[in-house]
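Structure in structure tokens, see below.
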Amino acid sequence: MQTSRFSLGDENLKMIDGAGGEAVIRSLQDIAPDVGKYIIEFAFGDIYSREGLSLEEREMITITSLLTTGGCEPQLEVHINGALNVGITPQKIVETFTHCVPYVGFPKVLNALFVAKKVFAERNISITS
Amino acid sequence: MQTSRFSLGDENLKMIDGAGGEAVIRSLQDIAPDVGKYIIEFAFGDIYSREGLSLEEREMITITSLLTTGGCEPQLEVHINGALNVGITPQKIVETFTHCVPYVGFPKVLNALFVAKKVFAERNISITS
Amino acid sequence: MQTSRFSLGDENLKMIDGAGGEAVIRSLQDIAPDVGKYIIEFAFGDIYSREGLSLEEREMITITSLLTTGGCEPQLEVHINGALNVGITPQKIVETFTHCVPYVGFPKVLNALFVAKKVFAERNISITS
Amino acid sequence: MQTSRFSLGDENLKMIDGAGGEAVIRSLQDIAPDVGKYIIEFAFGDIYSREGLSLEEREMITITSLLTTGGCEPQLEVHINGALNVGITPQKIVETFTHCVPYVGFPKVLNALFVAKKVFAERNISITS
Amino acid sequence: MQTSRFSLGDENLKMIDGAGGEAVIRSLQDIAPDVGKYIIEFAFGDIYSREGLSLEEREMITITSLLTTGGCEPQLEVHINGALNVGITPQKIVETFTHCVPYVGFPKVLNALFVAKKVFAERNISITS
Amino acid sequence: MQTSRFSLGDENLKMIDGAGGEAVIRSLQDIAPDVGKYIIEFAFGDIYSREGLSLEEREMITITSLLTTGGCEPQLEVHINGALNVGITPQKIVETFTHCVPYVGFPKVLNALFVAKKVFAERNISITS
């Protein structure tokens, strides 16, 4: 049923992406509210609620895909926050980006690391001891 | 003849992209004026003046291609204006971007929608009733 | 309701992509049947059934996006067939690809044209007079 | 020391990518042997031997990045084998690709699934019950 | 004048890309002859005839761009031949691809190297001593 | 030996990318210092110190690859400076970007030209006479 896909997705969106995810949906309201609806129903309702991968694994895959696509810094910012929200450590986020160097080269990895640096600063996270 | 390709292209550029297109050509003058010349002669002279597609269709194809490429927000801004200038409704621009979700995923579509939102605001266009 | 999104999407898939689209769904059955289900429900149920663009316009946008992404020759083959099925002329498909040259360069346009050439040959379509 | 980076990398390459990885290195011998050396030393020596991610996680990240890049079907074939070699289940590989739909769209996901289908067939793996 | 751009481009195409380039133009005749005309007039007439870069440098830039785009193996094949035709040594072609590893990662570099390997074999070129 | 790869790379980085390159390494210190180490050891130690291409040619290849990837404006800024540092004239940088138009289209070339324009302004370089 439409309603339950939406409810389930809305719950997942709030749990995973938190305020950042809700802000994206809200910012779509006066331009393309249906795209916001599809993000909730399809991405967070259908896909994120599937079995077979933990939420930590799903966020690791998501930030890898966004880094590789390139030019998706705003979405990367939302999902680095999402990754932290579901319990991935900052070190593991950095390690995920580092692992991508042989596959996408340094430039896209640098772009992603500087988004992580910004997010970590906003959350008062220090990853060096 | 060179001259007529340039004249025809210049006319098309002004009609379609208007002030935004002219600003791009002008900003190339002190760095790569020939690239500006090729935009006028080849893109707007040779290509936009061809038969077989209406100007509305050409701008729909252009903004789809720019959205899919990614990282071309400045050009997308010029051509969302161009799309409006040739008579595509704001609703249809948003629908074009929405149609791309299954083919390129949400992140690139969001980037394009937020450029559209900025352009619509600058032109005092409200698309929700 | 799930069922009606699926039914609507299945109808659209058959009408638009025909045998080629059905073959894709079938080939997913023993590897990822749910992805086939999402193609039907989300791409063809939710998106293709929206108002605001004609089917001809939707296929024009689809083949533009696939050309621009690159490396999607199998999907381009399905959707060039889809474009023909919904009434876009072969000339207009070629013109759509030609229009993309200034935005994506010649190589990706050539790749798309050679897929079109193959599809036209299979359908005994000759576009030169 | 060069030697130990190479030895460590060579061991990792054999353990992870197995025959497929060795075939790639061998096929580089008469064209660009140094690139083969860098794959061993840098990718498999420096990167794969780092702490902070399990081998399963590294392969999950790798296949996600290759799917997202597009046009890397040969490398995807090697690393789907690699993923299976380090113990990722076929179901989890398919789920990883499925998770990417909202981020990269259906076409690139289909390309990756059909490579997985080929690899699974070669290894006599059936994933549907 | 159209004619002279075409004549100049045609001469350049034949000199640089040789039989491979002419085959591409010919294969466009029954699908999109105008795209062939633009390749000759714009790419080889306007661009390749410009001052400021040697033909060797132009082919080095071209194969770098094709490698980085990805999915353009047919065009890479034509331009690896073109690079050899204008006097770039096979070793330098391989070195150009090798230099790209830190910028685009190994997978796209491997794809390009295997195209070079095929071209070198067809021309009976051995690059290892 | 690790140390000598690092020393060699560090020297190359300073010579080629100068202050911009050092700033990138420094900005990685509190987020991913190892990625900075790999840039020095692998990119500037292993790759830039290879024979077979001059430094001018290496920077020409680098800026071509960054332009083609897209979304790498910060890295393009560092390497346009690097290109100037190793003696490529501003005119030749612009000509390199111009040559890419037929291969990647106008939008990515415009993005690169506007980065060059910014760098040239910062270095008080005027390229028009």
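Per-chain numbering from 1; labels A, B, C, D, E and F assigned in written order.
Rule of thumb we're sticking to: a residue touches a chain if its C-beta (ideal position, glycine included) is under 8 Å from a C-beta of that chain, and two chains touch if they have at least 3 such contacts.
Note that the structure is a prediction, hence the values are computed from the model and not measured.
In terms of the stated touch criterion, the partners common to subunit A and subunit D are B, C, E, F, listed by label. Rounded to the nearest 5, the angle that brings the Cα atoms of subunit C onto subunit E is 120°. Taken over every residue number at the interface, the positions common to subunit D and subunit E amount to under half, indicating a different-residue contact.
Of all the chains, the one whose CA centre sits at the greatest distance from that of subunit D is B.
Per-chain CA centroids place subunit B at a distance of 23 Å from subunit C. One inter-chain figure worth recording: subunit A and subunit B are separated by 30 Å, centre to centre, where each centre is the mean of the chain's CA atoms. Shown for subunit B are the residues that touch two or more other chains, namely 34, 38-39, 42-43, 50, 66, 69-71, 98, 100-107. By the touch criterion stated above, subunit B contacts subunit D in their complex at residues 100-107. Only residues 70-71, 94, 97-98, 101, 105-111, 113-114, 116-117, 120, 126-128 of subunit D touch subunit C when the two sit together in their complex. Residues 39, 42-43, 47, 50, 52-53, 57-58, 60-62, 64-69, 91-92, 95-96, 98-104 of subunit C are the ones that touch subunit B when the two sit in their complex.
By the touch rule above, subunit B contacts subunit E in their complex via residues 1-2, 34, 38, 42, 46, 50. Of all residues in subunit A, only 24, 27-35, 38-39, 43, 66, 69-72, 74-75 touch subunit B in the complex they form.
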